[in-house]
Amino acid sequence: MKNRSDITVQLVNVNALDEHVVQAARVSTQGSDSITSTGSPAGLINFLMRDRHGSPFEHTSFTFLVEAPVFVAREHMRHRAGWSYNEESGRYKELEGVFYIPSLSRPLLQRGKPGAYEFVSGSDTHFSRMVADLFYAYGASYDAYKDMLKAGIAREIARCALPVGLFTSYYATCNARSLMHFLSLRTRSADATYPSFPQREIELVAEQMEKTFQAHMPSTHAAFVEHGRVAP
Amino acid sequence: MKNRSDITVQLVNVNALDEHVVQAARVSTQGSDSITSTGSPAGLINFLMRDRHGSPFEHTSFTFLVEAPVFVAREHMRHRAGWSYNEESGRYKELEGVFYIPSLSRPLLQRGKPGAYEFVSGSDTHFSRMVADLFYAYGASYDAYKDMLKAGIAREIARCALPVGLFTSYYATCNARSLMHFLSLRTRSADATYPSFPQREIELVAEQMEKTFQAHMPSTHAAFVEHGRVAP
Amino acid sequence: MKNRSDITVQLVNVNALDEHVVQAARVSTQGSDSITSTGSPAGLINFLMRDRHGSPFEHTSFTFLVEAPVFVAREHMRHRAGWSYNEESGRYKELEGVFYIPSLSRPLLQRGKPGAYEFVSGSDTHFSRMVADLFYAYGASYDAYKDMLKAGIAREIARCALPVGLFTSYYATCNARSLMHFLSLRTRSADATYPSFPQREIELVAEQMEKTFQAHMPSTHAAFVEHGRVAP
Amino acid sequence: MKNRSDITVQLVNVNALDEHVVQAARVSTQGSDSITSTGSPAGLINFLMRDRHGSPFEHTSFTFLVEAPVFVAREHMRHRAGWSYNEESGRYKELEGVFYIPSLSRPLLQRGKPGAYEFVSGSDTHFSRMVADLFYAYGASYDAYKDMLKAGIAREIARCALPVGLFTSYYATCNARSLMHFLSLRTRSADATYPSFPQREIELVAEQMEKTFQAHMPSTHAAFVEHGRVAP
């Protein structure tokens, strides 16, 4: 058994440039004197974002390898349009006992109304109680899992005991448009036109993806931020 | 804490008839003398299924309420195209302690190669060991969960302790085409052109949905079976 | 040969109530004291719209029969997510010669920049010239089409001659969420947070769908308008 | 005015290798002794195809530029899942007068029943009659279009006159799974488990895409053919 507090996102494969957006948009207007034909790439991208022309952003592709607790994968896979997934299987292999323990910096207490919670830091007592409880639950779960496997019980049944704090890993492939949609819902930002209240753990995934996005498609990312982090 | 062995599917809302398929298909050919214009409804549906004309089956709608363990919901929600979901939230409410214990009739032992497992019954010893292990894991997990909540830890963190054997409930809406795709992958059948190896627990969901499907769209269901349970 | 200026949308089948949204949303929070559990239906729907919780709106279904020119069908079918279509086939049947002539009230002249055109009325001369040109083109096209059919040329080839002003008919099925997305892009409204510049002909489709939507789901429609006609 | 008989597909951008399929599949089973962990890449791909595990094929991306008549674009864009499009706009630019004339080798006559037509060659008379009819219709349509533009009528109205035999161009992006689905429906092949009856013109698009697919993902393509050209 191992514990982890970090959630990681690794770029596995990418084919995504601002230039791809420009090329796709120009198919619409080639030969005319419209803005999409004559403007600068950044200007055109800004125009597309502002007027919510989403399709030119779809001709791009990012593949990530995410290592995160099961409850994060659960939230992530609710994103259907423009996302593809492959995840570690609890039916085909014995799962390693790696479990999520929130780090000391993770606010532990929740305030306010559902749908708009604020999270605040707890005391040391809160933190140690959480750690003790999670260790206890994780330990018992994994012992039960291993004991069932040892007795010959099928993996797909034995896994019933395993908690959603268990680490899983999955490939997630998206395009720039579906990625922006994900970012708009799974990050909090003062710049956002529409406030979102993601759980901190999936926001850690989103933040890492956003850095990659910004590095590969700087003009698209800038236009996304400029226009209130609303996916076109 | 409560234990359950049954997985339930309740039809909440439906608007799906064989006649809807026929009407949609006839838009294509109205006024001509083709089969879709002149044949019997069952004959037309059979023709559409055989030749894999899938779109006429999409103008229908089923909404189900499923109560099943989290690992079943996980598998179900991998179905993206033509499926919509709303699930009980572990962030917004305290989750009830209802846990899945496979019934006595559930084969517990796995034989053969990944991707094509056979499952066979275990002995009484297997069954009692599984029950003991699951009780132990479920009990410890739920105690830890309740203890964290009592200490004021946020629900979204406390739930880390909860196992994928916990019951959840969700709405799932689909059309006849997306439902057939689901059935083709999540049931085992000697009639199937392409063998599938679903986990028994999601097959219990699929079997209940199939009964509803057959009751509301008997000709479509018959054609689906006739043509090897391959979704058009 | 016949000419038409009206574009029609007929509701063929519907299973969509505000109550469906409420039921689906309450799955998330049943048993808790959150707003979704305790508020009025209209209040809950308003909250979901404001905070862009889109999935509860998907458990609904509208099927429309649209009669419109081919260029409208082309624009409509660019809407992929949550839309299903079946259209009259030019391969399987001989197409009737019904052609679109914009009505006198349709502004004929375009001003301004691509992406933000304004349309203004033309003179009587403009209108009669347009009518003469369209009659000429439609007549020649349909004559050529009929002549090829008479000579035994395959329908799928003969149709090459037919213009995008030809009327077609199609079934279109959507849910309330995908419908709102369509309305946000295919209507112009002073209430809209994001301005759209749809072609008037597809807006005629959208306006008729919106009336149906409002009649069946008044609280959802009111919340959509209240929140700037942005689909959740 | 210009005429064309060729339909072209150009690969604009690609990120698709057999290796991507293997990597994604191995996420499921890493560390186990299952076939996906230990077999050869080609063996693993063959296993995935045979047992219809489709998701590992989605982590790939092809972008094509297609030049084809409007009726081909219409058929193509009915493919929704896993496809993205951007097309030349008749609202934003004046459309060039390039029109489709089937080549001498294109069978012109149709025999048999709807849904299962056979096409056979016509006589020289058939061919010249078709050419004459198409020239006549295309000429009249384009004259009317230009005349309306000259009179100041909006482009989006003037285009009503233009036929579906007009050439358009569009970007189409897909992944290997959505591409195989397209190929299974839009090519005819004696190897196919399920016969398809695509119009020859979209088959010309499919054939060119298939060559590209085979060149970039030879093992995936071989497995697709081996297993009856059924998309997983």
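Letters A, B, C and D name the chains as they come in the text, with residue numbers starting at 1 for each one.
Going forward, contacts are C-beta pairs under 8 Å (C-beta built on N, C-alpha and C of every residue); 3 or more make two chains touch, one makes a residue touch a chain.
The structure presented is a predicted model; accordingly, all values stated were derived computationally and were not measured.
**Q** Mind checking the rotation angle between the two copies, chain A and chain B? C-alpha superposition, nearest 5 degrees is fine.
**A** In short, 180 degrees.
**Q** Approximately how many whole Å separate the CA-defined centres of chain C and chain D?
**A** The separation of the two C-alpha centroids amounts to 26 Å.
**Q** What whole-Å value do you get for the distance between chain A and chain D if each is reduced to the mean of its CA atoms?
**A** The computed centroid separation for chain A versus chain D comes out at 33 Å.
**Q** Going by the contact rule already set, what residues in chain C reach two or more other chains?
**A** 29, 32, 34, 36, 55, 78, 81, 85, 92-93, 114-115
**Q** What kind of graph do the touching chains make: line, ring, star, complete, other?
**A** Shape = complete; every chain linked to every other.
**Q** Which residues of chain A touch chain D once you look at their complex with the stated criterion?
**A** Result: residues 12-15, 20, 23-25, 27-32, 34, 36, 55-56, 58-61, 63, 65, 84-89, 92-94, 96, 169-171, 173, 175 of chain A touch chain D.
**Q** Residues of chain D touching chain C in their complex?
**A** 69-71, 74, 77-78, 80-81, 83, 85, 90-93, 100, 102, 106-110, 114-115, 117, 119, 122, 125-126, 129-130, 133-134, 136-141, 143-145, 147-148, 151-165, 199
**Q** Which of the residues in chain C come into contact with chain A in the complex?
**A** Those in contact with chain A are residues 29, 32, 34-36, 47, 51-52, 55, 78, 81, 113-116, 185, 194-197.
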